[in-house]
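Below: a set of structures, written as structure tokens.
Look for chain A in each of the two complexes below; its partner is chain B in the first and chain C in the second.
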Partner chain A sequence: MDAATYSIGLVVVAIGLIVGFAAIIREKDDLHRILLTDLAEVLALVVIALVATDLAEALILPGLVVGISELMAVSEVYIAKEGLKAPEGPPFHIEVMDSAPGILALILVAYGIVLSGFTGGAVAAVGAVFYFMCRGHAEQFELIETVSGYAWAIWIAAFFVFMFLPAYWFFGVMMAGGAILIKVMAKMSLVGTMRRGGPNV
Partner chain B sequence: MTPEFILGCIILIAGVIAAGFPREKTYLSRLINLEIPAFGLLLIMLAYDETLALMTFIGVTAISTFVLVRVIERRDAG
Partner chain C sequence: MFNLPTTNIGGQELFVLEFGDIVAYFSPYTTALFVFALIFTALAIVSRPEKQMDIAFGGDAYYAKVVDPELMRFQRFMAIACGLATLGAMVTGDVFNFTLFASLVGITNIGIVAAYRNRHVLNAAFQYGIVAMLATVPLFGGAAIVVASTGTLSMWELFTGAVAVPLIAKAFLVLGVMGEGMAPFYVAKAEITRAQGAPFILMVHVSSLLLFLRVAEIVISM
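Right after this comes the complex of A and B.
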């Protein structure tokens, strides 16, 4: 990619930012503003993606993590502020929610394990979230916390392998990749339990 | 300049306008329109061969859509 492409990309993003922020300024409703924040995040990620090296990939991952955690925090604050309650009556239910979760979650989790690392964790977590959302959940939160705590410790240990035993770098890579996969998947799959509590939803 | 990049830029601009000023100003239509600029971003990432970023973005977008739908259903219910 040459410099001209980069300039054109920057111009496109600048136009997008102007339009996006104009929409945010003209918006009065808070929830619409939260949705437009998501739009601003996409535009910010385009700026990073235009860097077009490994640096861009390294910067996009924390950008995404900060984006999702900010979105979750802001939406929780909004729910608390407006005093919104979960909808009454029987939960949303369609036929495909009975048949799809098993196979789809299996494919996503298997592919996530193949990918490994942070990316694999995110992909596997989508499978787990979908499964929990459709089938309900009855997991022990303490167990998930313990597993993700151990995964974090293994991740740190992998960095010590890199520092003190550089000859075993491949072992370190495998440890770090597997541990961060479990860590991200355990944490993100908790999102799937946010919808409705208890089994048999 | 690859075709993916040009198409990504066009979709990005169209998506920003569609999400910023949707024709029908409901939460759901704006949420659906938000997928358009996301697709533009995916094409731009594809043009630069950023595989990891692309896969992670797809995963995180699915989860963020879930979080937003949760807020919207509560808002519409009460």
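Right after this comes the complex of A and C.
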């Protein structure tokens, strides 16, 4: 990216920051302040993304993780501060939640497997999350956890292939791509079971 | 192979630890900070929470405050994690890693301050959390502008005279560390310097002091 484009991007981010910070100063409700703060944090990722190199891509992920963990910490403090409890009563239900999950989950999972890798895992997981949220679940969590653990081990093994047997890089790419697909999908599909979970969720 | 380009602040390097292209170093200055953080981390590991007495005014009666073991354990864990993050921030040779360690200190400080059930303490922790989250914007923004304008994040390159770091990046870095190191202000605001579990609160002060000293070294050397 040339310098002029970068400067324009920085100016846009600066305007966004001014708007965001002005909003945070004006806002009095604590919950809304958390949301606005998260929006402002996205702008930090935008500043990193403006660098537009491979290095920037590597920096965005830790930045995102730090942002999310701070958001989680502040949300926990907010929950404790306000003394909030999980809502009781029957979960939300509409008719489309009976008819749609099968076909949508099938399309998303199939497309995710075609994509493979991290993106594919996320796409496939959205299908699985949607299915579990709508249809409920009766599977063994230990099995999902075990599969996810093996997938992680294969992913790490793929990195060792890259390091010690660089000649077999294609094999390593295939291992890493398949394993991260299963790993992300298994982890995220657990999210879908949180809504109608067992007695302790 | 490695020679710290500026010797006027930190002195010559004593020891260099190489992780690929990320090279951590100990100069006399950072070694002093490192040892200081190490001592207080050890203190957080071995110390026991303070037990407090409330005296009913005008009589002989007094009652002991109860230390909740759950909260105490959480606070001690956060204090130790804060110490480790501070240790990392003291020795790292990479600007982005420094910003990551600084925000890790911020997160653990939220944990230390939040380990209470009082509403006004939680309010202070919440406000500090908002400030710490907002501070990541200039912190990461500063590191991003450094890498955009110089093409490197390594302090070994940035400390040489050949590389000019723009003033705005330095200002952003300092601003970000100010936000993350704001915790003692909120400790004072919530008046928990001598609350239950008092020794662990010390780590908040230690970590922000050391972060300020380290960012001063980085910004002046750049």
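Keep this in mind: the second predicted complex is superposed on the first by the 154 of 201 C-alpha atoms of A that agree within 3 Å, B and C clash if a C-alpha of one lies under 4 Å from a C-alpha of the other, contacts with A are read in each partner's own complex, and residues count from 1 in each chain.
In the analysis below, contacts are C-beta pairs under 8 Å (C-beta built on N, C-alpha and C of every residue); 3 or more make two chains touch, one makes a residue touch a chain.
Computed from a predicted structure; not experimentally measured.
S.K.: Let me test your reading of the model: by the given contact rule, A:69 touches which partner, first (chain B), second (chain C), both or neither?
M.R.: The second partner, chain C, only.
S.K.: Does the superposition put A:12 against chain B (first), chain C (second), both, or neither?
M.R.: first
S.K.: Using the touch definition from the top, say if A:98 reaches chain B (first), chain C (second), both or neither.
M.R.: The answer is neither, since A:98 touches no partner chain.
S.K.: Once the shared chain is lined up, is A:191 touching chain B (first), chain C (second), both, or neither of them?
M.R.: A:191 sits against chain B, while chain C stays out of touch.
S.K.: For A:43, using the defined touch cut-off, is the partner it touches chain B, chain C, both, or neither? Pick first, second, both or neither.
M.R.: A:43: touches chain B and chain C.
S.K.: Hey, is it chain B or chain C that touches more of chain A?
M.R.: B
S.K.: Under the stated touch criterion, which partner chain does A:34 make contact with: chain B (first), chain C (second), both, or neither?
M.R.: both
S.K.: Identify the partner contact of A:55: answer first if only chain B is touched, second if only chain C is, both if each is, neither if none is.
M.R.: Second partner only, chain C.
S.K.: Taking the superposition on A as described, I'd like to know which of chain B and chain C A:145 touches: first, second, both or neither.
M.R.: Once the two structures are laid over each other on A, A:145 reaches no partner at all.
S.K.: Which residues form the common part of the chain A surface touched by chain B and by chain C?
M.R.: Residues 13, 34, 38, 43, 45, 50, 56, 67, 71, 78 of chain A touch both chain B and chain C.
S.K.: Taking the complex as given, what residues does chain A use to touch chain B?
M.R.: Going by the criterion above, the answer is residues 1-2, 4-5, 8-9, 12-13, 15-16, 19-20, 22-23, 31-32, 34-36, 38-39, 42-43, 45-46, 49-50, 52, 56-57, 60-61, 64-65, 67-68, 71-72, 75, 78-79, 82, 84-88, 115, 117-119, 122-123, 125-126, 129, 133, 188, 191-192, 194-195.
S.K.: For chain A, which residues count as touching chain C in their complex?
M.R.: 6, 13, 17, 21, 24, 30, 33-34, 37-38, 40-41, 43-45, 47-48, 50-51, 53, 55-56, 59, 62-63, 66-67, 69-71, 73-74, 76-78, 80-81
S.K.: So in the complex, the part of chain B that touches chain A is made up of which residues?
M.R.: Of all residues in chain B, those touching chain A are 1, 5, 9, 12-13, 16-17, 19-21, 25, 27, 30-31, 34, 37-38, 40-41, 44-45, 47-48, 50, 52-53, 55-60, 62-64, 66-68, 70-78.
S.K.: Where on chain C does chain A make contact in their complex?
M.R.: 96, 100, 103-104, 106-107, 110-111, 114, 117, 119, 122-123, 125-126, 129-130, 132-134, 136-137, 139-141, 143-145, 147-148, 153
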